[in-house]
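Each of the next two complexes has chain A plus one more chain, namely chain B in the first and chain C in the second.
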Partner chain A sequence: MKLIAGVDIGNSTTEVCIGSIQDDGSLRFLSSSCSVTTGTKGTLTNVEGIITALKEAVGQIDKRIEDLSLIRINEATPVIGDTAMETITETIITESSMIGHNPNTPAGAGQAVGLTLNIHNLDDYSRTGKIKSNNDYILVVDKEYPYSKIAKIINKYSSNYKIVGLILQADEAVLVENRLDKKIPIVDEVRGVDRIPEGKLAAIEVAYPGETIRMLSNPYGLATLLNLNPDETRAVTPIAKSLIGKRSAVVIKTPYENVKENVLPAGEIYIESLEGKNYKVTIDTGAEKIMEIVSQVDSIKDIHGQECTNVGNMFSRIKKGMAEVSDEDEIIRISDILAVDTLAPVPIAGAISGETGMEKAVGIAAMVRTKMLPMERIARALRERLRIYVQVAGVEAVMASIGALTTPGTRLPLAILDLGGGSTDAALIDSDGQVRSIHKAGAGEMVTMLIQTELGLSSRATADEIKKYPLAKVESLYHMRLENGAMKFFEEPIDPRLFGQVVLLHPEGLVKIDEEDISLEKIVSVRREAKKKVFVTNAIRALTEIAPDHNLRNIPNVVLVGGSALDFEVPEMLMDELSNYKVVCGRGNIRRQEGPRNAVATGLVMSYVGEG
Partner chain B sequence: MEIDKKLIEEIVRAVIEEVSLNQEPGNLSSKKEDLGQISVGNFLSGKKPASRGTNPKEVVIGVGPAFNTHIHKTINGLDLSEVLDNIKAGIEEEGMIPRVVKVFKSSDVAFIGIEAAKLSGSGIGIGLQSKGTALIHQRDLYPLSNLELFPQAPLLNLETYRAIGKNAARYAKGEKVTPIEGRNDPMTRPKYQVKAAVMHIKETELVNRKQVTIEW
Partner chain C sequence: MSNNRPTILIYTLNVDDYLMVEEMCAGIEEEGLLYEVKRHYFGVLEELSYNAANESILGCGIGVEGGRALMSLRNMDKGEYVFSLENPSLSQCRKLGANAARAVKRVAFHDLSD
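Our next item is the complex of A and B:
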């Protein structure tokens, strides 16, 4: 009897599978283990992690490492990936003409139109007769005035003058409203009240509870309230657009067109094919067009961007970053990209109350082929440490396919899908045992980037955790509502710091998301969208390419392997999508017991038998 | 329940009568010893025992025994009425209803806070010591655990108190709260230690375990 070990060094975990070859040549699997990869994949520091994993695996069957007769390690996939994001539009307010934001507690609901009037001038103007009793006024109040005084002033003047709306600098809308005789819409928390021009026609709107504003986010609504002609209506469209989804807003009519949506000179992407043909595509045509062009190119030699443009800088940044990681003097050539349309909250230049606009952006994941990772060096180091024969055996994708075949219910031809961090890898093993594999740019890291930008998160780590774990909202110290609507109760009161918070169901306990004011529903929808945009798109892209005749229907089985197959929702999303093509798709269950893990390690042991 | 309430009311009436028979609330500390009972002075007159609220929009602020009767300013000189007004304004701005009670059972901010929380319709209460230390409490918590604590009273200003009111109201609504910006100064402790001790002793002298919490 002979003991052999298969070792798979992954980006995050090192997996081991131990099998024994009986005297009659048959194979039995004895144990497996999984430990953290030490250092960057493909470097000598990996040895420690391998030994830890081996010890654990042999320990389970009461053996020592010295009892092993052979260790087989994988030949790692020679691709590295990177991501970048660039906004392609920007909104600029050139004069203080609008306010649109979501104060926590505006007051009064509805809309009003009137001339802006500063509260400081109210006494003077009423004495000199500058205020006409037949005009409507919107009062602008800075935070020098406490709520009780504001209410008193308005109650005093409202009998003679028509004060129809109120813009406050302080967060006191409800306080003022509670003290008013006649209710009017009030927008508060407007930081730059001093920049609001006086004597201009302004429209103010506060949404009804649970709704967003309707009139000011509609160009015709603005035209109605401010008496605009067709040309002016066209000019205010960017204002209306940037107010969509707000709970309160003010629009001030000034004689100039003063909110602009600039389309930034985003630049072009140039794709060079191996046959020497050149393709180009402008980035502001959007991700769909870019991906269409990419799919037309048979084999990509390199991709770069137009110099001195956003996309040009983006590609040179990606290439520079990759050159540092790959630590080789070869020329970095991008062999694949995935472009995704997204929206990023960007502070509007010149805004009065710190408004942000959702700007169009394109996220790009790029992938570079590098030379083989120095697995031989690791094998040699391991051999010296353990005095056991160590062999580098087989391409990762091939090994994974062989391992995946141990999943019950599969048959040839079989495709595997490994959704990793930097790249999406697919391999197809056909009925003759031939394996074809492919790597596509864009995977987990891209999802993290999309979540981070769309939610406007300050930390990448938070975005990564949002990607990995389901959410819940703590409603009291004794219960929380899970994102699927179910309720969960606790025996003991939970940490008061989590009260009212949106939390992640981390295996080690609840983790709160340290960002302000993002609702659970919003996070869930952004997370699911990001996963769909990257994983589903890429799965289809990769599988189509390796499928016989490039037709997905020719693949009967798709097995998801690797860490990302453990994701709590991605496998279901892929299953949903692939069932449209009558493909059986699901999480692998390697050797009926390992789940989607250990495919490569298992394949390494099995292929030894195959090699005889 | 009703009998309890009646009993309490009676006791309070009796106490008030007794106290008003005696002279001014000047030499309180000496009174305390010979009475061994309630000796909080005639400021109790006209005040009702605090009842437990049923309105889920209610946030109760519990103040210490010396609040605005024996101590009128916080440790850093803020007027206690203004402090209370700002906390109430913060609660009101969030659409909730503030109610103030005075606690005599303890001068400890945590116990004042939990007493307020237990009387509160929403279950959220704010404890406020006369020297300015504050916390937000929830009735299901242990007294010494709490939702938020603002321990360095000398560094709190009126805006902080407004923010404390707002946060308490948001807890009551089950909303996410915004962390309150706090200042920190390592010299606060040595600088204010004596003053804090004196103020706390003064407040503690007025503690009477048998005196029910009253509406303030």
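Our next item is the complex of A and C:
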């Protein structure tokens, strides 16, 4: 009897499968394990992770690593992927300020226009006659003033002067309103009150209960309130747009001398084919058109963007990033891209509290073919450490296909779809055992990037967790509603910090999402859309290319393997889409027990028997 | 004791705590809810908040005594609470009041730390 181990070094995990060859040549699988890949895939630091995984696997069958007669490691796919995002147009508005936000408890619904006036100066100005009784004023109050004092001051002055609105720094709108003789709109929780210029014409609006603001989110509404001419109205349109959906807002008119609109051209993408043909596509035609052109090119030699444009900058950034990762001297050539339409938050110049507006953007995942990763070096290092024969055996895609065949219910020809982090790979074994494989740019990391930008999240890690786990809303201290509508009850009251929050159902407990004001429905829809845009598009793209006659219907079975095949909704999405082509598609179940994991490691052990 | 107005009840023992109570009331008012303050003459803090929560129509009450405050909800056992403050700042009291209202409104709580 001979013990052999298959080792698959992936981007995030290292997987091991142990099999024994009986004296009659038959193969039995004994155990498997999975541990974190140490260091970047393809580097010598991987050895530690491999040894950890091997120890665990042999430990399960009461053996030691020395008992192994052979270790086979995979020849890793020589592609690296990266993602980038760029807005199509960039509009800079200067010299006009705005505040738009959703305070929890605004007060005094309605709108008002007046000159801004700081409460500190009220006494002085009224004594010196600086305040005119025929002007309307909007009072700006910082948080040093308690609500009772503010109300007293306003009640005192409102008989002589017209105070039509109030901007508060503290969260006290209701408290002040309840003490006013005459009700006026009040915007509270404005952090940057000190940045509001004095003596400028300002318009404030508080939405009626259950509604969002109407006048300030409408360019003509702004024109009406602030007396704008047609040119000025055009210039404030981005402000109006960014205020859509807010419950309260302030817009301050400031001199228009320096207004300039700076529109950086969107730019073109140039695709060079191996045959020397050149294709170009303008980026503002949208992702669909870009992908149509990409699909027309048979074999891509390189892709780059027009210089001094948004897209040009994006491609040079991707190439620079990849050059650092690949640590090779060769010229980085992009061999595939996936473009996706999305929305990205753009800071609005003139915003007082850092408000952003959502602008149309294109997200791009790019993939670079590199030289073979130096697996031989790893094999040698492993051989010296363990004194066991180590062999680099077989192309990753081929090994994965062989491993995937152990999934019950499959037969040849069989396609596998490896949903990874940086790229989506597909391979097809036909009835003669011939394997064709392909790599497409865009996978898990692209989904994370789309979730992060569309939700405006500050951390990539949060976006990654949103991608991985379903959501729930904690409705009381004793129950929560899951995103599918089901309820879950607790016997003990849960942590009050989670009350009323949207939480992730992490295996280790509930995790709060540290961003304010994003509803559960919004997160779910962004998450699902991102997964569809990347994985469904790429599955169709990749499978069509390897399918006999480029017809998906000629593939009877598709087995999903790889990390993203463990996702709680991606396999269902793909199954749904591929059933339109009468393809049987599902999450793999390697050796009837491993799920979508361990396909490559299993393939490595099986192929040894084939070779033997 | 019965009460027909939809209020959050604040039960207190000691008049020395009135500044704390005032801020809690402001917190509740800002959130748009009603409150009622009742002075008791005996009892311990855990009993005050337990009784306040169970006698409030909204099922939410605060007990205040000797510079300490507890916020409880109906059906919690005596001694159980959602928030507890000891010698709090005024802004913490304001937030505690707001959180009592938010428990009724089912809106996420403020962080009580200063």
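One rule holds in what follows: the second predicted complex is superposed on the first by the 426 of 612 C-alpha atoms of A that agree within 3 Å, B and C clash if a C-alpha of one lies under 4 Å from a C-alpha of the other, contacts with A are read in each partner's own complex, and residues count from 1 in each chain.
Heads up, the rule we're going with is that a residue touches a chain if its C-beta (ideal position, glycine included) is under 8 Å from a C-beta of that chain, and two chains touch if they have at least 3 such contacts.
A quick note: this is a predicted structure, and the numbers were derived from the prediction, not measured.
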Q) Once the shared chain is lined up, is A:Thr105 touching chain B (first), chain C (second), both, or neither of them? A) both
Q: Check the residue A:Glu275 against both partner chains and state whether it touches chain B (first), chain C (second), both, or neither.
A: neither
Q: Answer with first, second, both or neither: which of chain B and chain C does A:Glu508 touch in the superposed model?
A: neither
Q: Have a look at where A:Asp517 lands relative to chain B and chain C in the superposition and call it first, second, both or neither.
A: first
Q.
With the touch criterion stated at the top, can you tell me which chain A residues are shared between the chain B interface and the chain C interface?
A. 104-105, 147, 171-175, 178, 475-477, 493, 496-497, 499-501
Q: Sort out for me which residues of chain A touch chain B in the complex.
A: 104-105, 147, 171-175, 178, 475-478, 493, 496-497, 499-502, 516-517
Q. If you look only at chain A, which of its residues touch chain C in the complex?
A. 104-105, 147, 171-175, 178, 475-477, 493, 496-497, 499-501
Q. Once bound in the complex, which stretches of chain C touch chain A?
A. 26, 29-32, 73, 76, 80, 82-83, 98-99, 102-103, 106-109, 111
Q.
For the complex, give me every residue of chain B touching chain A.
A. 89, 92-95, 138, 140-141, 145-148, 166, 170-171, 173-178
